[in-house]
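The two complexes that follow have chain A in common; it is paired with chain B in the first and with chain C in the second.
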Partner chain A sequence: MWSYLGRRCLTAFMTLLGIATVVFAVVRLLPGDPAQVMLARSGASPLAVAALRSELGLDRPLAVQYLDWLTALARGDLGRSLFNGRAVVDLIREQLPYTLELALAAFAVALPLGLTLGAVGARWPNSAAGRAAMVVSVAGVALPVFWSGLLLIWVFSVQLAWLPPAGADSWRALVMPALALGFATAGPIGRLTRASLMEVSVQPYVVVAHAKGLPERQVFVNHALRNAAVPLLTIAGLELGFLLGGAVVTETLFSRPGLGKLLVDAILWRDLPLVQGVVLVIASLYVITNAAVDVGAGWLSPQAGWQ
Partner chain B sequence: MAQPTGRLAVKWSGPAFPGLAGDRPAGVGGLVQLALRKLLRQPGAWAGMALVGIAILGSVAAPWLATYSPVEIDLQAQLQPPSPLHIAGTDFYGRDMASRLLYGGRTTLAIAAVAVVLASVAGTALGLVAGFGRDWLGQTWVSLIDLLLAFPSLLLALLIVGILGPGLHALAVAVGLAAIPIFARMVRGTVLTIRSAPYVDAAIASGARDGYILVRHLLPGVIAPVLTLAALEVGLAILSVAALGFLGLGAAPPLPEWGSMLYEGRQYLGVAPWVSTGPGLAITLTVLGATLLGDAISSAMAPGRS
Partner chain C sequence: MRRLLWSVLSLICLLPAACVPATLPAPGGAQAIPAAVTTSTPASGGTLHYGLTLPVSGIDPHIHASSELGIALSGVYDTLVVQDLLGAFHPGLAESWTLSPDGRTYTFKLRRDVRFHDGTPFNADAVVRNLNRVADPATHSQKAVFLLGPFDHAQAVDEFTVEVALRQPYAPLLDGLSQVYLGMASPAALDKWGDQYQLHQVGTGPFRFVGYQERQTLVLERNAAYAWAPETRRHQGPAYLDRVEFRFFADAAARLPAMLSGQADVMGEMPRKDAERLTGQGNQSAGRPGYLLLPVAVPGQAVQFFLNSTLPPLDDLRVRQALLYGTDRAGLVSAVFGPTSPVATGPLAAATRGADQGLAAKYPYDPDKARQLLAEAGWTAAGTGGILERDGKPLVLKGVQMSWGELPAIGTILQAEWRKLGIDLQLDPLTYPAALEAGHKGTHHLMPFVFSGTDPDLLRAFFHSANLDGFNWSKVSDPALDGWLDQAEIPAAWDQRAPLYTQIQGRIMNQAWVLPIRDQVNLNAASTRVHGLAYDVQGWFPVLYDVWLDAQ
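Our next item is the complex of A and B:
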């Protein structure tokens, strides 16, 4: 068991290292000069571009830049924002709680809703309830967060004036963002849940359970649902990535503070150190959560390698 | 690849086992017909085709269908509700929403299409090499794909837009690059399955070169799954393009684009809900159509179940 945990932690660490490398590579290797892009709007002189290049260390050999990047990361240093000169780590630390709050609340909506939709769709595939569940799931996929959120604002803020349309001061400001983002995440979870339940339902042990005359309900709960639990957990973890991406849009729509808002502002300000810092932190959150989910899945299923 | 040893080490640069391994599998036309018949039997396929068809038709025929210029400002007609004159109303600058929706579809759908083509071509190439290469090259690609999959795809797109700077070209590249790993992983999985097929063994044994095996034996096998995945990815690409447009990272105003039109309408939600309703409905219905069609295609391509 400990060796499995150790192995999983090692893979997660390697992935984190890889992510840091990819962010570094994307920033340095994409065509175009980041310093030029950053100063494009102000129409800066070549001299200013050269100065920024040397300030960011872009004029040094790639290998040196890479080593510097990794050693700074190991010290927890993500550089300074070009926009306001503050440490990127501090900016992120201020915004992180808002995004975590939104992500957790949205996940609390998405997981039960998505699993229920998928289970109903798989249990009664040809009934009205099953079809309705799948229609709702597809609607969750097709409705963009920024549109469903806008509809919510229209109903609950503009028409009924029940909930604030923006901000993050109280739990009331969290209701609509969590619902919009949660519903959008429930769609894919529902579809994948149904697919994996349908896959399990043709397995030999389910067929045998039917053949020996067990009641439909018992087969579904004890044979299908239990065996699908592990893939379902993994799906839920993977959809977290969708949720973190969607948080960027949700925060902009509801004018909520958070990492997503910070990232969009950083892109619009052409603040490269801030962009790479936020992307790195969000991606790392995603990797760490998935590693935790994997460990959880291993705990649920003896085949996955706890021995 | 290494030269096979023994009696089979014949120099042969033409097709391996002409007439057997080099030829296409018999009855490809029949298979396509079968899949098409299975596709058309599903109501979802028809609904999807109708929705996607309307969106494409409207975008392509925008210059003929639009009754107004999509960018011309008319301050006499600000924020007018839908009427016979402006069937979808007008926006804050008095621009005709119906005309902007038609032209906006051009931008949104064209970028999404370019992104999906880019992702499927590059992803297929990457996946073929990753699946076929037994040496360090294949291994490197595999780890690279796995790494890129560790990023939420919208986040990867945002990073790329952040580096390239906002704009339409950057948007297409960003959404396309972000979807490459999904295609690469699927192609690699398919290649690993096909590689163990007897006709590939036969080709290897007869000394066919790697490039030849890749193009003649492996590529045809991955085309159908790639097209299926592409159909499913179109909807997601439209959503990503609209999301980035909504964030203000896409089309520069006044060029219409569904996502940025929705963002503009957000400010007038209380007084003129139609300004954001139009693009919102357009995105939702098009993505719904693409998802239904993608689902129908993948279930028609799935072997066995009908």
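Our next item is the complex of A and C:
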């Protein structure tokens, strides 16, 4: 297991370095110049724009900028936001807890809901309950978070005045975003759970377990669920990674702080250091989550194993 | 449960939107603020919740340029001079000022009774420190330094007298000094906090800065020691409000629910349909306040398309004029913004000082004249889908399209109208930075833009040949215009500058370098609990000092 972990760490590091390089290059290939964007509200002269570009170091050769960035990264310095003037590390540190909070809350809604929907759909596939479960799952996949979020706001904030429509001040402000996002995430989990369970239920070892006379529940939990869990865990890990990447639409609609909106704004406004820093942090979260999922999958099902 | 069901059903049905006319701005810089006739007397106390859009930049007024930071911080800082709604300057932190005969040195005599929120005294050294900070290249000021123009240096003559020296005369200086971006910050706080200053701001204003949660909220508290309000304010002494909490709403759809649920008392930049719903629907249920719309005319440049005069076929004056004659601007604005929205008639919005009201008669909607001009320019009907051709090439125009200000809707209408004239308008949706680059490179025929400001000198950035490589989207290089723009910056007396700006605007419209669409309006909504809310001459910034709330 340790050599496996060691190899995973090395792969993770190489992945992150590759991502860092690609983002560095791509964000500079986008049309638009940050200095020009920053001064567009002042009607500054071209000389002033050029001066600002030079002061920010944006006109140095790409290789120099890249090496500077890597050396700063080695020191743990992600640079300063161009538009904000604040250290990227500070901005990320402020926004990350809100993203984690929303991701975990949404996941806490999505996982039980998705698993339940999928299990009901697999256990009683042709009954009313089973069909209803699948309709709800598909609704989760199909309905945009923006729509379901607005609906929740109208009902719970405007009409009933139970919950605040925006912000991240208290746990009450987390309820609707978690519900909207959780419902959307539960959809794919539910569908995959059902498909996975149905596939496993026709496997030879399940048939043999039934033939041996084991109670239905024991077959379901010890054999079917345990083996169906591996692909589920992988997908759940990917969904969690996606949530950790920041759910931009939810954050925008509910006026919540978070990494997703921070990143999208940084890209839209060409705030190069902030884009690089946030992408690196999100990518790291993804890599860690997926590594944990792979280790967990290997533990759950020896057949999957640690390759 | 029943309420729940009805809420859900009502969401599915379309709500009829009542038409609420926005009041038109009066010309010459005065705004029409609906007179909230109220018999309520000002009472101290309460917290105002103010909603605004998310600032893209940081919030240090000396460094950053967004109007959102001005909205939030104009209560924290005082300025040397104050500008009233008609464009006249009044004493602020400076009691009086004189200008040297060569127009290059201003001498300000400062008030002696002013203290910063941290207790340190305000004096000439503080002014010098502030101006130097703005002018220092290491500060990377994105707006404030440009308001100072050809600033050379400032020096303290004595404890309460400061001299500001310019390299050449610059009439817009007082206008710059009246803006929050040149507000006076405490030198002690600047020293103490260094590059973290934006999170710990200290000014002299009626509100003190309590805290800023990045991308979430900004909180201010009353400054109990405030005793130096300018004469333009409606009262003296400390502010009425205990606290002001600004909350940032990134998404336009989230603003209406925030007002309806009471999370915000005032909301800026309401989408028009949401604002109408707010005042039109029966919202007066027991215990819920009603709502009031406060549309404010924003001076500066109108929302307009710059016509690239170096890119064929728009290098031909007749084609540009055809676009102006061939666009029913009043109909377009009415369709997109509502029947009483102000149609722009020239490069400056009507609410700007020096805007030429006489331009309204130019370029009435005349499609026949437009067709005639196009024919004169050599464009003839060829039969392929009705698009005109010359030398075998179709009349195709490329326009930049951005997502703000209903530009997509405007673009669609223009496409339809111009197709009837035989022009094929192709719109290119671009993000803001990509659009700026496209404008810079001059790859498109139409470049939409808008710009806020109170001094007509802002025209320089867009029409002076020195800015061809900058924001001169029409690529204008006209020596007469350059001369007038340079000259108009010099004299301090407005009545010497005004005729030059009239000539400048006349020339811009004669040459059809822009297609004006609509004067900008900042549409605010406020609960009727809020009294005394008014906006300053810049159009964006509320004067919260005179605001009071009904008791809860």
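Going forward, the second predicted complex is superposed on the first by the 241 of 307 C-alpha atoms of A that agree within 3 Å, B and C clash if a C-alpha of one lies under 4 Å from a C-alpha of the other, contacts with A are read in each partner's own complex, and residues count from 1 in each chain.
The rule is simple: a residue touches a chain if its C-beta (ideal position, glycine included) is under 8 Å from a C-beta of that chain, and two chains touch if they have at least 3 such contacts.
Please read all numbers here as calculations on a predicted model, not as lab measurements.
When the two structures are aligned on the shared chain, A:V155 is found in touch with chain C, with no touch to chain B.
When the shared chain is aligned, no partner comes close enough to touch A:Q203: not chain B, not chain C. Touch criterion met: A:L244 reaches chain B, while chain C stays clear of it.
In the superposition on chain A, A:A51 makes contact with chain C only, not with chain B.
When both complexes are overlaid on chain A, the residue A:T116 reaches neither chain B nor chain C. Using the contact criterion defined above for the overlaid structures, shared-chain residue A:T252 touches chain B and also reaches chain C. Of the two partner chains placed around the shared chain by superposition, chain B is the only one that A:V141 touches, whereas chain C remains out of contact. Of the two partner chains, chain B and chain C are each touched by A:R270. Chain A residues in contact with chain B (one complex) as well as with chain C (other complex) are 30, 32, 34, 37, 40, 146, 150-151, 153-154, 158, 252-253, 268, 270. Taken together, the chain A residues at the contact with chain C in this complex read 30-34, 36-46, 48-49, 51-52, 55-56, 81, 83-86, 91, 94-95, 146, 150-151, 153-155, 157-161, 164-168, 251-255, 257, 261-262, 265, 268-270. Per the touch definition, chain A reaches chain B in the complex via residues 15, 18-19, 21-23, 26-27, 30, 32, 34, 37, 40, 138-139, 141-147, 150-151, 153-154, 158, 241-242, 244-246, 248-249, 252-253, 263-264, 266-268, 270, 272, 275-276, 279, 282-283, 286-287, 290. Within the complex formed with chain A, the residues of chain C that make contact are 3-4, 7-8, 11, 54, 56-58, 60, 63-67, 137-138, 140, 142-143, 146-147, 195, 198, 213-217, 247-251, 253-254, 257-258, 260-263, 430-438, 440, 451, 453, 458, 460-462, 466-471. Only residues 143, 146-148, 150-155, 158-166, 235, 239, 242-243, 246-249, 259, 262-263, 266, 269-270, 273, 276, 280, 283-285, 287-288, 291-292 of chain B touch chain A when the two sit together in their complex.
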